[in-house]
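Can you read through this structure? Questions will come right after.
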Amino acid sequence: MSNDFQIPYFKLDAIDQSILDLLHENSRISYTDIGKQVGISRVAVQMRINTLMEQGIIERFTTVINPTKIGMMVSAFFNVDVEPKYLEQVAEKLANDPAVSSLYHMTGPSKLHMHGIFADNQEMEGFLTDKLYATEGVVSVDTQLLIKRYKSRMGMKL
Amino acid sequence: MSNDFQIPYFKLDAIDQSILDLLHENSRISYTDIGKQVGISRVAVQMRINTLMEQGIIERFTTVINPTKIGMMVSAFFNVDVEPKYLEQVAEKLANDPAVSSLYHMTGPSKLHMHGIFADNQEMEGFLTDKLYATEGVVSVDTQLLIKRYKSRMGMKL
Amino acid sequence: MSNDFQIPYFKLDAIDQSILDLLHENSRISYTDIGKQVGISRVAVQMRINTLMEQGIIERFTTVINPTKIGMMVSAFFNVDVEPKYLEQVAEKLANDPAVSSLYHMTGPSKLHMHGIFADNQEMEGFLTDKLYATEGVVSVDTQLLIKRYKSRMGMKL
Amino acid sequence: MSNDFQIPYFKLDAIDQSILDLLHENSRISYTDIGKQVGISRVAVQMRINTLMEQGIIERFTTVINPTKIGMMVSAFFNVDVEPKYLEQVAEKLANDPAVSSLYHMTGPSKLHMHGIFADNQEMEGFLTDKLYATEGVVSVDTQLLIKRYKSRMGMKL
Amino acid sequence: MSNDFQIPYFKLDAIDQSILDLLHENSRISYTDIGKQVGISRVAVQMRINTLMEQGIIERFTTVINPTKIGMMVSAFFNVDVEPKYLEQVAEKLANDPAVSSLYHMTGPSKLHMHGIFADNQEMEGFLTDKLYATEGVVSVDTQLLIKRYKSRMGMKL
Amino acid sequence: MSNDFQIPYFKLDAIDQSILDLLHENSRISYTDIGKQVGISRVAVQMRINTLMEQGIIERFTTVINPTKIGMMVSAFFNVDVEPKYLEQVAEKLANDPAVSSLYHMTGPSKLHMHGIFADNQEMEGFLTDKLYATEGVVSVDTQLLIKRYKSRMGMKL
Amino acid sequence: MSNDFQIPYFKLDAIDQSILDLLHENSRISYTDIGKQVGISRVAVQMRINTLMEQGIIERFTTVINPTKIGMMVSAFFNVDVEPKYLEQVAEKLANDPAVSSLYHMTGPSKLHMHGIFADNQEMEGFLTDKLYATEGVVSVDTQLLIKRYKSRMGMKL
Amino acid sequence: MSNDFQIPYFKLDAIDQSILDLLHENSRISYTDIGKQVGISRVAVQMRINTLMEQGIIERFTTVINPTKIGMMVSAFFNVDVEPKYLEQVAEKLANDPAVSSLYHMTGPSKLHMHGIFADNQEMEGFLTDKLYATEGVVSVDTQLLIKRYKSRMGMKL
């Protein structure tokens, strides 16, 4: 007879949820301060955070840096058309390039969707001409530059 | 006579750069551990980090959460075509929506580029039908779902 | 602490799977013949089929009719662009039209994807002009006609 | 002198039409029940159905299965761009793939239009990367996932 | 029981076909010359041509004029996007415009496909600005100019 | 010093224009009838028509045949994308194909624009698969079928 | 009878051509230096240049300024989709805007093609949001930024 | 510690700005006339202009020629799709072609954007067929012809 079956994931309780909210707001907050705000002990906080890390729910504690403040003036999206049989090979090469900050395979046309940050147009043009266009299997590239950022919620991995 | 003029931004020295690298890798690292690795005192580390925060180079310390581990299974990109005169109004409304994680105005067609994360297709369909499609000025929406993530460097704000 | 959570669906055992395969191949097969082939009693077959229907796994027993043999010569796909706020209203109207055989909301551009079968070009042209183009909220229609069918597995609802 | 000429197809009388409607609604209906409802004998029903099958009007009796109830959560459309000279070869290979439920050559751009059903994104991603993208002659693939099904009239082969 | 049914059209015999070929090649050919070439009498030729005209097979005898030789230098195709509910109204208005030589509704996007011939760019620009763009319901126009004519078989109405 | 220069073409007087109008309306009209209507002698008519033919203004006298009346049910437009270096070679091959009625190189994307008339979908499908798709240099084909003809002024070569 | 007719323009002799070449290379060259190089008197040079200006062949003597050297860092192309009936009105408004350097109506989709130069992204974003998007009749805007200039021959008005 | 850093360019004072405006309006204006209008000596004008030329702010003094007045009737834009790895090679070849007046690499799809001026359609067709289409690496070309020029500010290099 047919039975129930399931895709497993973790359902957070209210305290886990509060801890994640606090860490998302400020990842340098101390266990003690978290404990005070959620009403459990410092040790219980540490245990729960360790569990959240072991479960892969927390991937990393990181720092949001504003690229324009350090002279990285050009934020770009690239839709990269690839000859289908080269998709994995091209994706692997691009993922290893330090200029590439994100790389996705999306529905829609069989393109790689890529994000990059550059000091200026000239640096981006060098990346395009010397690296991207020279990659075996790349058929065409659609480049879009950031005009304005309305919102960018960091820390939640798309 | 014509003179030099400049767009100001900050040029980091090697120690600042190392501090940012360490904080980007793990934002919960202690001042003491940073100091040991870059060869300056704990107090000097704290002063430099404070300066980096005041200059707006460091925007926030945050935590990267894996959405699929907490049951947010659908990551989506939306290209939102807006009647041009409504662009700012639509952008403001969408930026305030908790389902929207990022929102950009890019070169290319006058579209808003938006990211969102949803529990499942049904939740996304509700967002589309009840919120996005119902927004005054929205002309059409192109929805793309994440198939595979090759790389996602968190912490560097695109 | 975080717990497991699940999207429920039914996992078929080997006998259920065989019964579905036989019914999919020929829905007029008798319980007795099914029983012989899967090695259970006629009554057990009937019980399992009833359960599969109650669970919604079997939706319907139906008959595949070749439209060209009864003079329905034109099979068409329509991508219907709709003003977003009218999407549900247009979808409801079209779903009630007997000329429409399938109607979907897909990712990609915010279009309705629709299938229809017509006696000839003139009947289709009447449907386009009198019904589809006259529907409030329809912005444009992309019509594609079937040239050749390589495969069409009936019975599995897309 | 010029004469009349014709494309032959079958014109159904009212009784044939009623029998097809009943079988389309429920293909497991007995000859006796059909006979009662259309007002002819059980034997006459059987003869007419045999004729409809011999004429190819009835192609098959089948069963509609809801894929999401058995854990096939992802319904997808693929528009497959093929190097023109490979079209037949690619179509033949894809038509033999069990993951492909329908495959058509439509007017519009010279693409194959294909339907498939998958357990989840990962299974679909494997199909794309390992099979579709690796097929000689495939130039690009546009993938669209089902968000909502408004109508799906099974049994009438498009 | 189901019967044969038919779309009626005329099947030409070999003599009709030869007459049409001769008239298509040179519509000013005399009945006598046709008769000699196809081996029937002058009167029989006239009777057959009259029948072909009554059946609507021959629509008209006409003359092919080379527009560039009389100073009509610009041959243009226009794909006219129309708000769907205005399609018939726009088509009727454009069909009555002497600048429009052909006007079709094709599959593909719901556009009117239109041909026109103009003395020069300025005359075409006046047609676009004063007439086409000013027509209620016209959403956009894609204009293409003839660069080179490889073949144009006149007399067979597409 | 700079001088006037000119692209030569022929400017018709009122009588030539009337003769062309009459021949365009009915190319089998006699010289005598033309003479009566434009007020010159039968011989003068013949001389003027001969001149118009020598100048290439009149290209041919032809006959408009309605393809649907002789069982040519499918009128199609094809936009044929060609690898640029093969354009002339492909155009020459297609222009010699009897199924091709018109063939143009237009502004816009570097495609050949082609018209064809076929008995039915199957004949067109054979043309696509066996001829067009098999032609060296053809990259993709966009096929559009005629749904409705609003106007088709024959005799003026586009 | 039909006669020759002509679009008048000026055919330059070799001396006019040489004068134009020299002025195009350096518009501040003296009449004396031109005269020496083309072998006519200073007065004859002046007379020919005056004639070229009266004929409208020479439109203006101007100076090529490199915008990036004076802090105009962003060169942009805009394809502006306009509701057809507003085209002339929008074109007139944009042509009067000092930020717009060129504005054309081209074949292809009924868009205005526009060039502009801006100090930075923020200035361009202000132009888009405050002026272009706010213009009655503007339906959408496709913005493209200059990455690299391979060639820009000034002085020949496109 | 982090320091200020800068992209250098020249900021013009009011007198430089006025000189550039006068030269842009009429590049043959004498130093004396400029001096009178901006209120400095003839020598100071000459010195400032020399400096502006050395700084690269003034690139050239040139002459605007109206191409239609000398029989160059066809102004065209070409969007040239290039196989990415050939981009630089194709750009270099095209930049050396005298028929090409401007050539840019823009954001958006990886196309070269090119301007050209031709005597007539036939000359342009020759350029397309013999040169552009025959260039190794050119994948497709989208040709657009100028219909109307609303504004063309010469002298400011885009």
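Each chain carries a letter (A, B, C, D, E, F, G and H) given by its place in the written order, and its residues are counted from 1.
To be clear about the criterion, contacts are C-beta pairs under 8 Å (C-beta built on N, C-alpha and C of every residue); 3 or more make two chains touch, one makes a residue touch a chain.
On a predicted model such as this, the values are computed, not experimentally measured, just so you know.
K.L.:
Among the remaining chains, which ones contact both subunit B and subunit F?
P.N.:
Shared contacts of subunit B and subunit F: C, D, G, H.
K.L.:
Following contacts chain by chain, what is the lowest number of steps it takes to reach subunit F starting at subunit A?
P.N.:
Minimum number of steps from subunit A to subunit F: 2.
K.L.:
Touching both subunit E and subunit G, which chains are there?
P.N.:
F, H
K.L.:
If you list every residue number at the subunit E and subunit H contact, are more than half found on both copies (same) or fewer than half (different)?
P.N.:
Comparing the two copies, subunit E and subunit H contact each other through largely the same residue numbers, since over half are shared.
K.L.:
Please compute the C-alpha centroid of subunit D, do the same for subunit E, then give the distance between them in whole Å.
P.N.:
One centre to the other, that is 38 Å.
K.L.:
Roughly how many whole angstrom separate the Cα centroids of subunit C and subunit H?
P.N.:
58
K.L.:
Approximately how many whole Å separate the CA-defined centres of subunit C and subunit F?
P.N.:
Here the centre of subunit F sits 45 Å away from the centre of subunit C.
K.L.:
Got the subunit B residues that touch at least 2 other chains?
P.N.:
2, 5, 7, 9-12, 55, 57, 70-71, 105, 107-108, 125, 128, 139, 142-148
K.L.:
For this structure, give each pair of chains that are touching.
P.N.:
A-B, A-C, A-D, A-G, A-H, B-C, B-D, B-G, B-H, C-D, C-E, C-F, D-E, D-F, E-F, E-G, E-H, F-G, F-H, G-H
K.L.:
For a test of understanding, state which residues of subunit E touch subunit F in their complex under the given definition.
P.N.:
7, 9-12, 20, 23-28, 55-71, 73, 75, 77, 91-92, 94-95, 100-108, 112-113, 115, 117, 142, 144-158
K.L.:
Across the complex, what residues on subunit H touch subunit A?
P.N.:
2, 5, 7, 81, 83-85, 87-88, 105, 107-110
K.L.:
For subunit C, which residues are in contact with subunit E within the complex?
P.N.:
70-71, 120, 125, 128-129, 132-135, 138-145
K.L.:
Going by the contact rule set out above, which residues of subunit B touch subunit D in the complex?
P.N.:
Residues of subunit B touching subunit D: 121, 124-125, 128, 143, 145-148.
K.L.:
Give every residue of subunit C touching subunit A within the complex, in rising order.
P.N.:
Contact set of subunit C toward subunit A: 1-13, 16, 48, 51-52, 55, 57, 107-108.
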